[in-house]
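Written below as structure tokens is the structure these notes are about.
Chain nomenclature is as follows: A, B and C, assigned in order of appearance, with residue numbering initiated at 1 for each chain independently.
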């Protein structure tokens, strides 16, 4: 049974753009709470994209991947991270970004452009799939997100974003990798373990680096 | 005994050791780990001498795999033994000792898995798993800097490994399989994609191996981790990542043109790493960081060796093995120094020879060996790589290599001599001493220095272990240097262009 | 003149008449709807008409130090808006005879003319509130310019020209363009721009709170007929912006294709319905958000600029490609 999806190209395009939008939104966020919710939404969108790919290509691996991504990265992971935020109350609420957020968004867009140019010149002749530019840019934006954050959970969201990108690339070009699902699961487990454990250790010892609260009052 | 059965045991034993370590009885974890480590050493040596090659189902073993397996298990054994001595003296451990040994076993297991498995994807999984198991080991002490460096290590390495996941996916896309035994048989279907994959793998696995400019986590992690863990890192973990890279890199061999460019890229990264590390060594003020940068330099040299191929690859293998033993010996010695002095700053710990005579001599010998003094094995490895570079006419590379060797040799040993034989800055003031280092509870190894009151807790037996282990490793490094040719030539013929 | 040409001229008059006559009604509906949501009774939807007719009967008082510009400015802005109403698709989906005067860029410049003249007049009045209004208005409009340019680029990408009618036809006809990321993002960017230009929350609070005023402060010194013209011009500006938004981008259907008067009247009706939909959305937006602090309007504008930029980039990322 082949399901024909109306407006397949446009739908994939719109979802791809909303993924990038969520990445840029996270760049522009100074608080950790909306960042975590945004990564949850982004994971859901990726899982929806994987689901649409599954309907389009009838490859069962994609369905498993879609479900795993949606559940683990959309629900479980952000729940755990939000729980950590609650535990620490004020310590993890802000990332070390301050008032520079609009500039970061613009830099993010520039990175997106450069990434697209890179993708087009290097990879495109050999991977003839225009949809690949989106996860590639997502990967680059994930790096940028990690670099701009000084807060553990913020960096974790950057890492999840990278993994989303790589996973999506994998799903697009090589869905038959027998281990892709295991990769996905392992990455999530890795993250969960480390977040929970290292944060507990950090909690007992010191404040994570963050700007002083005075910054928020001015301007 | 069938080889795959042996390999299976090789995997199962450390896992069993990890599981048993969790039994809540005193001393069980130490015993279990020691037995597990000893068993792995035995099995890997058996596997080494068996005249087998190629793949056996899940396992892939050519000479490189087996040699690295032997190395890994030996360092595992000595690290466990040294941990018995060292861990008790950590001031504020962040995990209980049972968990430490359990994670140590799992750490060893993941590295053995990465080295011997037959599937590029599982290699990636195993390398990723080493991050999980070792992160807590790095952050063993409840200090702000330890936890922070553990997190940085985790983050940077995981971010890098995501890139190498992309590389693995590209390999699958090009070749249609990730099984190594199939990959080496089939010709390349798409050389451009494969070369892109190698490029990404270089960045990804290079992050984990300490290749510049992705090495930012390395000095912090090494200096903050407890010494046996630092030893495992330098000796085994970094070469394991290089192994993972080499598996992908060696797939590209048949294609002359593209291979040349990629090879030059890899050589470039390698020599850049070596030079950068060699230069930075001279500026270090902290001896564990200095040793970490020395590891980085050696990894760069190993990378160059592998990419040159032929005799260079042989030199790289020798380098891996002898560097493993020599560096672990150096780190164990540094562990002794750290316990005695309470600080890793070289200025504060000068004059080691006065207080810890045996450790002092051991340390200077191991520093000499890791920088490539003959007749230790590291010299042989470096020499072989250099000679291959000269023979293949790449004189720029050869001169850069020579510069790196010499500069690192001078830099490291100058600092080491000052550290070990230098004028002690602590002096003969008992009250001042006890005020400065209130945490001392050990007796020092030998006669001399009667001006301090000592609290004797443990007898000399502990000290013998703390000296015996580095001595053993150092001796092995020496033995490798002297008796290298027959065994290694035979075992290493399975690899390389 | 044959029948067709007469019909077209009549349609022209209908278009301009719609703009003139219907714009106060739109403002009245917005205010009434806001009041209803706030659980108040609110003024009648025809209140703006009553206000305008009241103002037209009152005498004009000008500040002592103002000059001729102050008096002439409302006429110029009114005239500018009249010109614009000739060139925008309001009741027809084909260009009317005077439609060749201006394309989209020209229309934006005309808006700019009207804005500039009113700013100069406000400066000319030399009172505190008007000068404050002038400075705020000019700075925020200037900062909104990049978004406007992005929107032009997006229109150019979609239609290959700067002509709103062609863009309208393409968007009405082709579902793939309508659903493309370029279009969706440019709608979002234009919506945010609309909020800025028409002075809606969360950018500006309509009403008499001077500290929140961006544009309204400019007209504080006017009285009598001049005030009537200024207000009317303001209503017309809002109407025109909303019509462009709706007719070109969001709901490009429902406009008459033929050159008959009945069709034109019919499309006035559909325009009214579309405007009602937009009014509901705007009012919900206004009632949901609090007013942004002035410096945060910069963030608002930068987000709308980013959306506009992304809409162009997305042409390459996910769309037809280069």
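A few remarks follow.
Here, a residue touches a chain if its C-beta (ideal position, glycine included) is under 8 Å from a C-beta of that chain, and two chains touch if they have at least 3 such contacts.
All values derive from a computational prediction rather than experimental measurement.
Comparing the centres of all chains, each the average of its CA atoms, the largest separation from chain B belongs to C. Chain nearest the geometric middle of the protein is A, using mean C-alpha positions. Simply put, of A-B and A-C, more C-beta pairs touch at A-B. Computed from the mean C-alpha positions, the centre of chain B lies at a distance of 69 Å from the centre of chain C.
With centres set at the average Cα position, the gap from chain A to chain B is 33 Å.
Chain geometry summary: the mean Cα position of chain A and that of chain C are 38 Å apart.
Interface residues of chain A facing chain C in the complex, by the touch rule stated above, are 7, 9-14, 16-17, 20-21, 24, 28, 101-102, 105-106, 109, 112-113, 116, 130-131, 133-134, 137, 219. Residues 94, 119, 121-122, 124-125, 128-129, 131-132, 135-136, 139, 142-144, 147, 150-151, 154-155, 158-159, 162-163, 165-166, 169-170, 172-173, 178, 190, 192-193, 196 of chain B are the ones touching chain A in the complex.
Contacts from chain C toward chain A in the complex involve residues 175-176, 179-181, 184-185, 295, 298-299, 302-303, 306, 309-310, 313-314, 316-319, 321.
Across the complex, chain B is touched by residues 122-123, 125-127, 139, 142-143, 146, 152, 155, 159, 162-163, 166, 169-170, 173-174, 176-180, 182-183, 186-187, 189-190, 193-194, 197-198, 201-202, 204-206 of chain A.
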